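Okay, got some structures for you below.
Next come two complexes built around chain A: one with chain B, the other with chain C.
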Partner chain A sequence: MIQILTRYCTLLTITLLVLAVMSFSLAYLFPGDTLENLTGLVPQNDVQREALERQFKLDSSVVVQFFYYLGNLLVGDWGYSFTSGLPLAEEVSIAMPATIELATYAMLMALFVGVPLGYYAGIRSYSTTDHLLNGASMTTYSFPVFWLALLLILVFSLQFDAAPLSGRISLLYDVPRVTGFILVDVLLSDLENKSLAFKDALSHIALPTLAIGAITTASMIRITRRSVIDVKHKAYIAAAVSRGLSSWQIFTRHVLRNALLPILPLMAIQITTLITNAMIVETLFSWPGIGNWLIQAIYQRDYPALRIGMMAVSTLVITLTILVDLFNRLIDPSREKYEHAAV
Partner chain B sequence: MYIGIVKRVIVALFTALLVVSCGKQNKEAFYNTGIIYCSESNPVTFNPQLDTSSTTSDATSHQIYDRLLDFDPDSGRIVPSLASSWLVSNDGLTYAFQLRKDVKFHKTHYFTPTRNFNADDVVFSINRWRLPSHPFHSVSGGRYPYFESLGLAQNIAAVRRVNGYRVEITLRRRDSSFLANLATDFAVILSKEYASALFDAGNPSKIDNLPIGTGPFKFESYRKDRFIKYLRHKDYWRNDELAAQDNNNMPASKEFDDESNEEAQAFNAASKQGDNAHDELLGVEQLIFDITPRSSLRLAKLMTGECDATAFPAQTELEVIRTRNDLTLAEKPGLNIGFWAFNTQRPPFDNPDVRRALASAIDKNTLLEAVYFDSATRAKTLLPAASWAFQNDADDTAYNPVLARQLLANAGVKEGFSMTIWAMPVERAYNPNATKMAELIQRYLRDIGVEATIVSYDWATFRRHLQDGLHDSVLIGWSADNGDPDNFYRPLLSCGAIPSGTNRAMWCDEDYDRLLNEALQTEDIDERTAIYHQVNRLLYERLPLVPIAHAYRYQAYREELNGVVINPFGGVRFGGVEKTL
Partner chain C sequence: MPQFSLYEEEFHPSPWQRTWAAFRSSHIAMVGLIMLGCFVIFALFAPIITPYDAVEQNIDGLLIPPSWTSNGEISHLFGTDALGRDLFTRIIYGCRITLGTAFITVVLAMLVGVSLGAFAGMLRGVRSSIANHLLDALMAIPTLLIAIIIVAILGAGLVNSMWAITLALIPQFVHHTRSFVRAEMKKDYIVASRLDGASRWQLFIHSILPNMIETLVVQGTLALSIAVIDISALGFLSLGAQSPLPELGAILADGLDAAYLAPWNVAVPGTVVFLMVLSINIVGDGLRSALRKRVSH
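Entry: the complex of A and B
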């Protein structure tokens, strides 16, 4: 157990270190002044420049510079944005939760819609319902996410006027930021019109969640269905049938949990797609998340922001992937056996 | 059996999703407490003295601040604002302003005023841009482009506080456009008390980022690329006046002669309605600028009701707005001019006959149709109809390619002569698509044997090269800041405007400058109008530029919004705008 934990910790540390090296080298690779790319501060005169160079160890060797940079990264001193002049740590801490929130709801939707539908299709495999479900999920899965989002905007926002098309909540509400998750923040706030605000936030979040969630749901259906069909053909199911168990009993006792096990590692792979999709959809719905923020940074050649944005997003994705992997390991000891055999 | 359960769960989930996505069908009263305006960009600062861009003045001038004087949006006349009355001495050099009493400054989370508006604030506000020695002059960059371009600071000899509510301004030379300049978006009144407090705290630049004024809304918060929030200024001095106006505007509140019961009832009902309107007006607690750079997204938000009003709808979107019942498109002739200027310092464009030939080669009406989609009027002179000196019967060039060829031949310009047309790379109301216009002109010029090439750079480089005079001709325009004719003629074609970079024709004419100065020496409107008619005649004869169009100014808003008035003389204003269901 401890061995596994150490192994994962080492993996995480090394990956993050490599990322830090890459983000540090970006300061040199981007066009323009290294000092400005690294700090986001534009010195007004030579005296200031010298002072800054000394402060950021730019007068020392690259290795010293890197370790100083790493130290700054760890204490949350990430430099400043060119365009807004605000600390990047603050900007990321505002934008990142918005993206995570969107991805979380989409994931929940995929879990609570996709997995049951997948079970249903798997149990009823090769029936008309199954073919319909499978076909529908195949079609949805083939949609490019930005196209789906545009379609949703066109139909639900512009045609039926059923949901707003931009932002997280009407700007009339002044919701104090506590967790960065708008729905949670609304519930925690002491607004006069709390229920109204919650409804408003919900209507804002519906379409983007639907757009991202639909694609993840579709792949969830397909993964679950496959897994259920595999389990159904196992010998212990045949044994259970011969023992005279009802189909409900077979489902709850044997299919449900055994089919779930192979799905979990596949879900980990979905996280990457999910966050990428969230970042794309954000820009279409003017959702103030990290994807939208990065696009703005690209438009405005905000190099410090790009450097930190890349660092933050990849750290998030890698940490999540490794955590889910570790989780899988913990709940599925059979994989350990595999590994020992392999070693 | 378990399939039944799964089915039920699925149905429940889909119902939940549907309910969520249809949740905002009926609008709640809460949404009437705030107005959301989709603006096109970030303001540069919160003090319009420091910047002439319309984005800045839209966001600040009429929301946060007041001026000594205002323009009446209908007639363009100068009306009292913070100055309740004013007197001009007989020699036209001394202006005495009587100030309004009981005008309160904003009380916000960063400043609490202890006194009302008085003469000290006026002296402070004017001296800030006028005197380089003023402690606040160099704060936030120290450039005051509007006042600099008019040389206003040099012309003011003194600004004197006579008593707490009386200020006297003395000029060096007569300037009949002086009052108009004080009524522009840029001549706002700041709080001296706030400035002193900031100065003592060692943080003077806050005056332009956390503004304090006397206007209908007070600043609350701003996030770049996202929003600006304002709260209603509860003690705004015009609140009663605005409410009274609304009552007068009610349809049935006209005077009635006979005392029939029916009409009396109608009147009662109307005045009740008026009271309601009053209450709702007081109900607008917030004003929010939702910063949305993409024009199509602004329109989409307007359609879904996420915005109540939007800035500058694109010409191509106007039709969509007109066909929808829930949207209103207000239009008014704007104070602008789009033109084709020749670089008169380069041969052969220094020859008026060549310029006349080129002007006769183009058909302005076609340009109006193709580029402005008929959202503009044909320009004969520099002045649009909204200006009081507009001349309806001014001379205008006509489409005549035969005459054009003849004039060119007489001037010795050979067949196949080549020139450049510079097309500005940005959209402006006065020219929404300069490249398209340049292509059309290119075609017309080919008909008379002139080969034109189209040149364009990014906006900053474009303007720099123009100022250096690298162009043969350029398609560009001008939006005026006030209704005074001097605001068109002087910056566009006077000799002094060549170095400051607004005279795109690089044209300098003694007669022209003399006439302009003459016009400023008199307060008499008829006399001035007569002089400007002479100026028009002179321009028609020498033709340094071809006036093409005066574009309309558009504003789109939802039907829930009442009392929106397009202000042809500058920024949008939301004071007195109300929202009903």
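Entry: the complex of A and C
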């Protein structure tokens, strides 16, 4: 147990260190001045430039520079944005929760819709229902996410006028930011018409969540279905059948938990797709998340923002992936043997 | 088909023939293959099929509706866009660019990924541990992020977005090859070859690779569908292919400007990307279940 934990901690540290090296080297790789890319500050004259260079250790060797940069990263002093002039740490802390919120709801949708449907399709494998479900999930899975979002906008926002086009909440409501999750913030706030505000926020979030969630749900159905079918062909299921267990007993006692194990590592891979899709959909719905922020940054060539945005998003994704992997490792005793034999 | 005695059979289908027979027995898979075949033909023979030039503008025919509507003309099958360019021509050229670049990126990623994966799979001890875990973790960086960084360094463009997508696709090939090589290295026939004195390189080329090719093809189709979606997504965000170039995502982004007046400029390119990805997915799925059927019988 402790050994596993140390291993994963080391892995996380090394990976994050690699990311920090990459983000530091970006300051040199990006076009333009290294000092400006690294800090986001534009020196007005030579005296100021020299002072800044001395402050950020740019007159020392690259290794010293990197460790100074790493120290700044850890302290939360991430530099300033070219376009807005605000500290990047502040901007990221506003944009990041919006993306996480979107991705969380989409993931919940995938878990609570996709996994049960996948189980159903797997239990009834090769029947008409299974073929229908499989076909539907294959079709949804093939949708390019930006087009799906556009179709949702065209149908629900423009045709039926059922949902708003963009943003997180109507400007009528002034919700104080506590957690950064708009639905939670509305519930925590002391607005007069809280239920109206909540409904408004919900209608804003429905379409983007649907666009991202549909695709994740579809792949979840396919993953679960395959895993259930694989488990159904195992010898211990045949043994259970021959002992005379009913199909419901077999499902609850043998299939249910065994089919979940292979799903978890695949879920970790889904996180990456989910965040990518969230970032694309954000730009279409003008959702003030990290994806939208990054895309705006690239349009305006805001290099410090790109450097930090890359660092923030990949740290988020990698931490989540490693956590899911760790969880999977802790609950799955069969992996231990394999790992020891392999490494 | 049951084979009662192997020696009395007059015809011994090769593994590929058996896979093909299993693939053919699924109608859906065949429909997918035909659709994909159409796209490939479009991509290969685009200049012969198309009636106009992809960037030829026609000021007299702006925003002509598709031919199946009452105002449409048959001379412009899918209508024209806001600059009077024939949408059908641009879509066919779009298939060429999107599918072609996706194919190239997948082949590149496969070459690099398989060699890296074979290398990582044969390593042992601490080095293997570090290489494998680090690769696993770096695999998690989203494509869009890699693309944004590459665009920031090199500038926007189709070729640069291809590099980004290649980089993003490599890890899954590495992962796949690595676990396959590692599982295979424990099997008896590899041990036998090693006792014969085969080097690692010979082991991989002569023993492991032939066994891996089929699953690699399946993996390749999966990667192809991801690559098509990613290339068109980057084109759509104008981080990849730039506007006059007829790339399906870029055409869609162009059409968005006149989406109220001319919804077909958004609908047609989107549908084509969707159908392309769908056909690739169907073929990949059919191939996978055909292989599974062959192995299990």
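By definition in this document, the second predicted complex is superposed on the first by the 342 of 343 C-alpha atoms of A that agree within 3 Å, B and C clash if a C-alpha of one lies under 4 Å from a C-alpha of the other, contacts with A are read in each partner's own complex, and residues count from 1 in each chain.
In the analysis below, a contact is a pair of C-beta atoms (placed from the backbone, for glycine too) under 8 Å apart; a residue touches a chain by one contact, two chains touch by 3 or more.
Just so it is clear, the structure is predicted and the values come from calculations on it, not from any experiment.
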item	value
Fit or clash - chain C, chain B, common chain A	fit
First, second, both or neither for A:L294, with chain B first and chain C second	second
A:Y28 touches, of chain B and chain C: first, second, both or neither?	neither
Partner chain(s) touched by A:D200 [first = chain B, second = chain C, both, neither]	first
First, second, both or neither for A:S157, with chain B first and chain C second	first
Partner chain in contact with A:Y126 - chain B first, chain C second, else both or neither	neither
Which superposed partner A:V113 touches (first chain B, second chain C, both, neither)	first
Which superposed partner A:V18 touches (first chain B, second chain C, both, neither)	second
Nearest Cα pair across chain B and chain C, whole Å	7
Shared contact residues on chain A - chain B and chain C	none
Residues of chain A that touch chain C when the two form their complex	11-12, 14-15, 18, 26, 29-31, 135, 138-139, 141-147, 150-151, 154, 268-269, 271-273, 275-276, 279-280, 283, 291, 294-295, 298, 301, 303, 306, 309-310, 313-314, 317-318, 321-322, 325, 342-343
Residues of chain C defined as touching chain A within the complex	28, 125, 128-130, 132-134, 136-145, 148-149, 151-153, 182, 225, 229, 232-233, 236-237, 239, 249, 252, 256, 259, 263, 266, 270, 273-274, 277-278, 281-282, 285
Complex interface listing, chain A residues touching chain B	83-84, 112-113, 116-117, 119-120, 123-124, 153, 156-158, 161-167, 170-172, 174, 193, 196, 199-200, 202-203, 206-207, 210, 247-248, 251-252, 286, 288, 296
Complex contact set, residues of chain B against chain A	1-3, 6-7, 9-10, 13, 17, 20-25, 28, 30-31, 33-34, 36, 224-227, 229, 286, 288, 290, 292, 297, 300-301, 303-306
